[in-house]
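I've put the structures underneath this note.
Note that chain A is present in both complexes that follow, paired respectively with chain B and with chain C.
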Partner chain A sequence: MAADIKTRHVLLWAIFIGGMCLLPFVTTPGTLRTIIFANYLAIFAMSWDFLTGRTGYVSFGHPFLIGIGAYASAILSYRYGVPVAISIPLAVIITMIGGTLFFLPALRIRGSYFALVTLAFMELMYQLVQVIRPDITGGTRGMSGIQTITSGAFNNFYLSFALMAVIAVILWTLTRTRLGTALSAIGMNEESVRGSGLDTTKLKLFAFMVSACVAGIGGAFYVHYLGSIAPRNLFDINFLFTIIVAALIGGASTVVGPMAGAFFLTFLLEYLRPWLPGSERYFVYGAIALVLYMYQPKGLYQIIVDSLGIGKSRNKQEAAGDSAA
Partner chain B sequence: MLQVLIQGLLLSGLYSLIAVGFTLIFSVGRVLNLAYGAYLMMGAYCYFYVTQTLGIPKPIGFVLAASVGAMAGVLKYRFLVKPLKGDHVAVEISTLILAVVIQAGIVFIFNDSAKVLHPIVPGVIWVGGAAVTYNMVAATLASWAILVLLYLFVRRTHTGRAMQAVSMDAKGAALSGIDPDKVNMITWVISGILGAAAGVFFASYTQVNPSMWVAPLIIAVAVVIVGGIGSILGTLVVAHIIGFMEVISTTFIAAELRGVFTMLLIIVVLVMMPKGLFGREEL
Partner chain C sequence: MTALLEVSRLVKRFGGISAVNDLSFEVNQGESLGLIGPNGAGKTTVFSLIMGEHRQNSGTVTLAGEDLSADPTYLRIQKGVSRTYQVPRPFADINVAENIRVGLMPNSIRRMISEGPDPDAELALARSVGFAAADLEKTPGELSMGDLRKLELARTLATAPKVMLLDEVFAGLTVGEITQISDLLAEKRKEGMTYVIVSHDLRSLEPLIDRAVAMTFGHVIAEGTFREVMDNEKVRAAYLGH
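Presenting the complex of A and B:
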């Protein structure tokens, strides 16, 4: 399964990664902290997009997966004193088991109904975490004082960026293989993929597992960055909204899109802070997302591609509209 | 036992009212309006502002709340649902984004804190050792009245029948001279009014706060999914199943678990029988 990678791609990735590695030397620790958050959001958005953007199974329950990863690692290290080096891999495995649970409905339903089941999963988890064994999960208040991996903006930046870059490159390589093409084909027409003799169940399972794995890694590392965890911060529609909007605004079914979207939105929120300190910021954020989504459902990525005339302008009218605007 | 029965009936009445507007859109427009909870919130906040901040009499507050809901319905249909041309997933995502935008807008105007709504009808009656507020009774009676009116409207009037026709087959309805666009618009208006009215009652049952839209949305989703049909009667039946389930689990198991069973019901029903308890072809 040879991946379709050209020198140009390798060069672009190298420039991007190299440029990001130099960032800590030119910015302040405050900006770095914003970038750290953007890195984690990018991981979550890529995880969401690998499932939804490719296979078309809209997940409204990604906080469920991320939360499992975060809670598993937090509980293991905080309550049972398991070293982080062991608790994170274990948390990722647990998340993937949770992902299998997520996968079961996808065998029978798709479209709106699947989205709603995943939403129900998230709400279920939110309520269960608070009720079942609050002595372990920390109940409504969650846990704080969880062991952190490194300290300081500088170290955490490199850790989060390395994670994001590795995940991005792996996911991107995956999409350039025949496997990635097959997954995208499921999003277009599942029946005809099955008709071409491919086992769609296996393909879907693969997409779910990759997505859950990335969500688990992101969730586990994120909780060890924050050092605290609370149910309402994780299993929340607002968190889901942030992830989805990051992926959509950047451009669903690309790898670069969700990454760019995460950075764009994190910085947007940060720059709005002086004017709108509270959650009113989501008004501007959401409004921009909504207008962009209505204008171009494929996001900023597509708008840039169209206006640059790359991709042999698949849709000439749209390209013309973009350059006029 | 009597207490469970009464509480169950009251809660179910409220839930029917919450769910019916959502069902209506689902059956006629074939889309899930995830910003439905925002109607409830807007209705509740409008009522709160008009009656408790401005001190205007309650009936006027109610009418204003309903008109806010109707307007929200029109705007949503005109600028969101129609341009997306029935792309279900896109409608869901965009309405979800819209709901969060509305939530943020409410925080912007009214700030983050929860507000207590005075009961619409004050007073308490003691039945079988349990306090039953007149407010809850009024909410249930109003919801029954609204549901009966809605049922008659859908069954007996020309417009209502046109709505039924569009819900069965939009193309067929268009061929027999019904304008599906207009019918959809009317449905969105009615749904908005129902949502806002339900919001006022729901808020008087709990409180007014910027995240109050999530719980009713999930109830509405549960009712529609478990019912699997877009009919008013089906909504009524499933709203009672869910309402009684919550009251029973609160009374006999634990109050914290009341929502858990609703979620489990959604998941189990959708995985075991994707067409819902009462069956309907999938979207």
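Presenting the complex of A and C:
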């Protein structure tokens, strides 16, 4: 039975990866661009979930981290002529350092206070990039004509998919270790983790650094896909909620969930567009997300697992660590 | 016998209230000490101070001669002092084996990632507190209060303590569960475990301890054998209110 379900898992992954690889040959560039956005949204949602889904520290500041990565790489390459192959790794390091400087003091508080403080970071970043050295950041208008890594929907699709897949595999592998169990345990009862002889500050900081690293990678690659950056699009509450809702309705504390949520949300918003071109589609998307969340709080991941019958044999030890297999 | 755990002139104030007031006691290696007193006496606060969950206003806590007063909780646990809580605090969404696993984990991210869990050690600890192998798959929601206390004991034992602080370990248990936990503690005691036990169930506590310290309003009012302490007039007055 267990072997049978494992086979089904492998088969489903093979179908998913094979399908994604063949997709550019059977679909339009327009649809590919939608999927490229979904891939990047999945990266952002996985980044958010690794911190929040595991440790329970609700971050409203992920656009701040994504923004550091995006702006750092854009400025380095656009203003200073640094090659993208160097500007992206530097941007990721800057995101991890810059993010840590802000988030480290905030990790001492939790609950709604942590969420509000991190929300303030996003707003702070929004103001800073417009006011501080607009000659470098581009101010309110941002920057355009930023160097792209590759051109065309076809190449960008494979790039974003490969990036998402590599990040997913690394995060999934991490969550399968004892570290994953410890991070999940923090989300359940931080005092008990401390009472088990573990330094929770160190663990939270590590979770944050991984989360910031992924956000930085996503932000930096995304800006070199778009070729432009504007503060109003990046440090936007809708963007923040799209990331969070993707992770939640997909299935928090899993790796597959945020990916599934990102794809679901992106296509939902895209297919609502012909009928509801204005911002009212966010109302419909909110309602659908709410109903879905009420129906299954564990998200789309659990619906998929239940409907395909691929979760029952998983022993409970695996269940807590993660749910990606 | 040498003092393994020594609490010296501990003071803890919460605003204007002195929860612990110039409190001192010591526990010798292999000894079992009962810490008794009426509700609000400050017993749990003393445990929190020993563990570093609260910071004392003054006084020291030493373990085997080493001052722990400045150490954070996780470091005190690594040095050999561990506690259970009045209300068990399991990790609700993971099973018994994983709950114990958290207690067994090294405080090293590199080792957490590179070294896998030790199912044999998890099973041995689970069995040592009376769980069967089949119980490892259960989540805390499927356990009785007695089993939750056993789980907490297992996770505490997983940290390899020299001294265990047990807070109201019999609270909410059936008579059968009390016997089970008592037998377990007695067995661990034979193996040389040092205890400080807080309990309102004095009848169950008596056979488990060598000595008792009674406290009220944050300070010690009597010390001696269980019988001596219970016969003390101040203790009787503290419990009975006259």
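The rule we apply is simple: the second predicted complex is superposed on the first by the 281 of 325 C-alpha atoms of A that agree within 3 Å, B and C clash if a C-alpha of one lies under 4 Å from a C-alpha of the other, contacts with A are read in each partner's own complex, and residues count from 1 in each chain.
Everything that follows uses one rule, which is that a residue touches a chain if its C-beta (ideal position, glycine included) is under 8 Å from a C-beta of that chain, and two chains touch if they have at least 3 such contacts.
Nothing here was measured: the structure is a model prediction, and the numbers come from that model.
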Touched partner set for A:N189, first chain B, second chain C, both or neither: second
Which superposed partner A:Q130 touches (first chain B, second chain C, both, neither): first
Comparing the two partners chain B and chain C, which touches a greater set of residues in chain A: B
Touching partner for A:T7 - first (chain B), second (chain C), both, neither: neither
First, second, both or neither for A:E280, with chain B first and chain C second: first
Touching partner for A:P297 - first (chain B), second (chain C), both, neither: first
Contacts of A:F121 with chain B and chain C, given as first, second, both or neither: first
Chain B/chain C common contact set on chain A: none
Sites on chain C touched by chain A in the complex: 51, 53, 72-75, 77-78, 82-83, 85, 89-95, 97-98, 101-103, 105, 107, 109, 112-113, 115-117, 137-139, 155, 158-159
Complex interface listing, chain A residues touching chain B: 56, 58, 60, 104-105, 108-109, 111-113, 115-117, 119-121, 123-124, 127-128, 130-131, 237-238, 241, 244-245, 248, 276, 278-283, 285-287, 289-290, 293-294, 297
Residue ranges of chain B in contact with chain A within the complex: 32, 79-80, 83-84, 88-90, 92-94, 96-101, 103-105, 107-108, 112, 210, 214, 218, 221-222, 225, 254, 256-257, 259-260, 263-264, 266-267, 270-271, 274, 282-283
Parts of chain A lying in touch with chain C, wherever the complex brings them together: 174, 177-179, 181-182, 184-185, 188-189, 191-200, 202-203, 206, 315-317, 319-321
